[in-house]
Amino acid sequence: MDTSANYQVKLEVFQGPLDLLLFLIRKKKIDIHDIPIATITREYLEYLEQKQRINLDREAEFLLIAALLIYIKSQMLLPREKPLDEEKDPRQVLVNRLLDYQRIKAASGLLKEKEEEELQKWKRTALPSILKEDEMDSIEVSLFDLAESFFALMKRKEKEGIKTIKGKEFSLEDKMKEILALLEIDEFLDFLDYFNQQESFEEALVAFLSLLELIKSRIVVAIQDTHFKPIKVWLRTQHGKGN
Amino acid sequence: MQNRLKEIIESMIFISLEPLTLEKMKSVLTDFDEKEIEQAIMELLNTFTTNERGIHIIQAAGGYFFSTKPEHDSWIKRLLKVERKNRLSSAALETLSAIAYHQPTTLAEISAFRGVDSTHTLKTLLQKRLVKIVGRKKSPGNPLIYRTSEKFLTYFGLNSIKDLPSPEELSKILEEESVPEEDSPPQ
Amino acid sequence: MQNRLKEIIESMIFISLEPLTLEKMKSVLTDFDEKEIEQAIMELLNTFTTNERGIHIIQAAGGYFFSTKPEHDSWIKRLLKVERKNRLSSAALETLSAIAYHQPTTLAEISAFRGVDSTHTLKTLLQKRLVKIVGRKKSPGNPLIYRTSEKFLTYFGLNSIKDLPSPEELSKILEEESVPEEDSPPQ
């Protein structure tokens, strides 16, 4: 990197393809509503070749817009009987995107000015210690805080050792046997109760899959008398006689 | 009585870290008439603009809070031994603008508007609490939807999102802007 | 000049988290004469005693700091109470997140998951009605089972509990390696 003061022409890197396109349009004093697609495509591709002026992490995105330009160019070259009306102009998609982006860029410039102004004003980030009341560390929380908090908790757990979470392995077969054993003792099984007894989410999941397996292989049957009543699971043979 | 009310309001604004809203003041100052409260705030704001004071009450994000005056910035920096405050990157500002003008919006939409993948910038903005998750969109994949936060308003000194120029006003600003000289770099 | 100095000192006292000592002020205000500084402080203290103000500068603990007036204490307490109602401590937030992502769950499970006894925070969450009891678990001791409430959904702007960002989404948002500097935080 040349950082000497003599190096006058500072090459600005274009953040994205729309950024570069807008720059070219302004440079060539082009009317954004009537873009000479052949010229702009040529210019655009030339800039793409000078890789130091584009953000290389974004190369694929620059190429995507190049492809769009070439596509529009090809559409423009198609022979037509009548001149295109505005809505069918193949450039319209691009024009709309550029207009949207231009507004975002203008807004972004305004925000930058605002930021500059506001950064000169200092607000307290904490109350002076003398004023400290209990629970002053409380925060107003958002959904992101909630999710982030859980994520941090998960990370902490992971570090503490996975064994506490994944201590036991639950096999479908064992669970199926367990369910059948329970049905031998009791006439039926209360579906919800049974799940609530599972110690972990993992175990409950395996229990659920086992039950599905048993239903599928027609060993047990799940019955709900009416809506919102508990779902009961019966052994098929037993239930058969009552129905 | 009015003077006492002004004093109380001043102390309440002082004690709040977040902008103190009128609603909150009213919910606490139940002994006072709403009109009285509004009147007192107006008077309080006037005192601060006319007096020679180092701190003043400003209004942002729908509330009031104390801040130092911009002209004392360099002294504060000397006191706190801070070289300069960090600014948001242009990518962050651009992403914020996209969200501010198209909210509620999704990551895919933001990326489309900018023409670049915005995952990383969005993450930074979430961590800075300038953007918040407000739910999910009812569309394939149920993507999370985002909005600018209260902190966004405070950070940029805006009272409400309506303080930003409308898309039409933005277009006007763009038209008035002169065409830059040949080869000038993009800002 | 003297007025400007008074303003600067006021803003410095305001922004200091610790009582601001005379020495510190002098070390920063090198452009000013020591006598001038002392004079300005005296005048500043006088302004606050004569004016009807809700806050004043007091001298204690070896320095100067802003404080609310004792006669407004009851109002401040009322405000803080209102504020606290809407706030969650970080412990409460953590507990709430554990319940949200593991519901239905029991106190023992929450405590085990967090690695700390969560009786107190759970009680707070119940009081704030962000969490509700939905029954008892059929296991030794028949512990109570908890779930997040409707109010929880409203508070976080969710339509249903399914709208919570999933652990996979969280990893995406929070784990992408950060690109240093470019997006440095605002202060």
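Here the chain labels run A, B and C in written order, and each chain numbers its own residues starting at 1.
Throughout what follows, a contact is a pair of C-beta atoms (placed from the backbone, for glycine too) under 8 Å apart; a residue touches a chain by one contact, two chains touch by 3 or more.
Given the structure is predicted, the values throughout are model-derived calculations rather than measurements.
Peer 1: Could you find the chain whose CA centre sits the greatest distance from that of chain B?
Peer 2: Result for the farthest chain: A.
Peer 1: Just to be sure I understand: the centre of a chain is the mean of its C-alpha atoms, right? Then which chain's centre is nearest the mean of all of them?
Peer 2: B
Peer 1: Take the average of all CA coordinates in chain A, do the same for chain B, and state the distance between these two points in whole angstrom.
Peer 2: That gives a centre separation of 26 Å.
Peer 1: I'd like to verify one number: the distance from the centre of chain B to the centre of chain C, where each centre is the average of its C-alpha atoms, in whole angstrom.
Peer 2: Distance between chain centres, rounded to whole Å: 19 Å.
Peer 1: Report the inter-chain centroid distance for chain A and chain C in whole angstrom, where each centroid is the mean of the CA atoms.
Peer 2: Roughly 29 Å separates the two chain centres.
Peer 1: Among all residues of chain C, which ones touch two or more of the remaining chains?
Peer 2: 11, 14-16, 66, 68, 80, 83, 157-158, 165, 173-174, 186-187
Peer 1: Going by the touch rule set out above, which residues of chain A reach two or more other chains?
Peer 2: Residues 119, 122, 124-126, 131, 140, 142-143, 147 of chain A each touch two or more of the other chains.
Peer 1: Which part of chain A faces chain B closely enough to touch in the complex?
Peer 2: 10-12, 14-19, 22-23, 26-27, 29, 58, 61, 65, 97, 99-112, 114-127, 131, 140, 142-144, 147
Peer 1: Can you list the chain A residues touching chain C in their complex?
Peer 2: 119, 122, 124-126, 128-131, 133, 135, 137-143, 145-154, 156-157, 160, 164, 193, 196-197, 201
Peer 1: Which residues of chain B touch chain C once you look at their complex with the stated criterion?
Peer 2: 3, 6-12, 14-16, 24, 27-29, 52-55, 66, 68-69, 72, 75-76, 78-80, 82, 85-89, 91-92, 119-124, 126-128, 133-136, 142, 144, 155
Peer 1: Which residues of chain C touch chain A once you look at their complex with the stated criterion?
Peer 2: 11, 14-19, 60-61, 65-68, 80, 83-84, 86-90, 93-94, 96-98, 100-102, 104, 112-115, 135, 137-139, 145, 156-158, 164-165, 167, 170-171, 173-174, 186-187
Peer 1: Would you pull the chain C residues touching chain B in the complex into a rising list?
Peer 2: By the definition above, chain C touches chain B via 3, 6-12, 14-16, 24, 28-29, 52-55, 66, 68-69, 72, 75-76, 78-80, 82-83, 157-159, 163, 165, 169, 172-174, 176, 178-179, 182-187.
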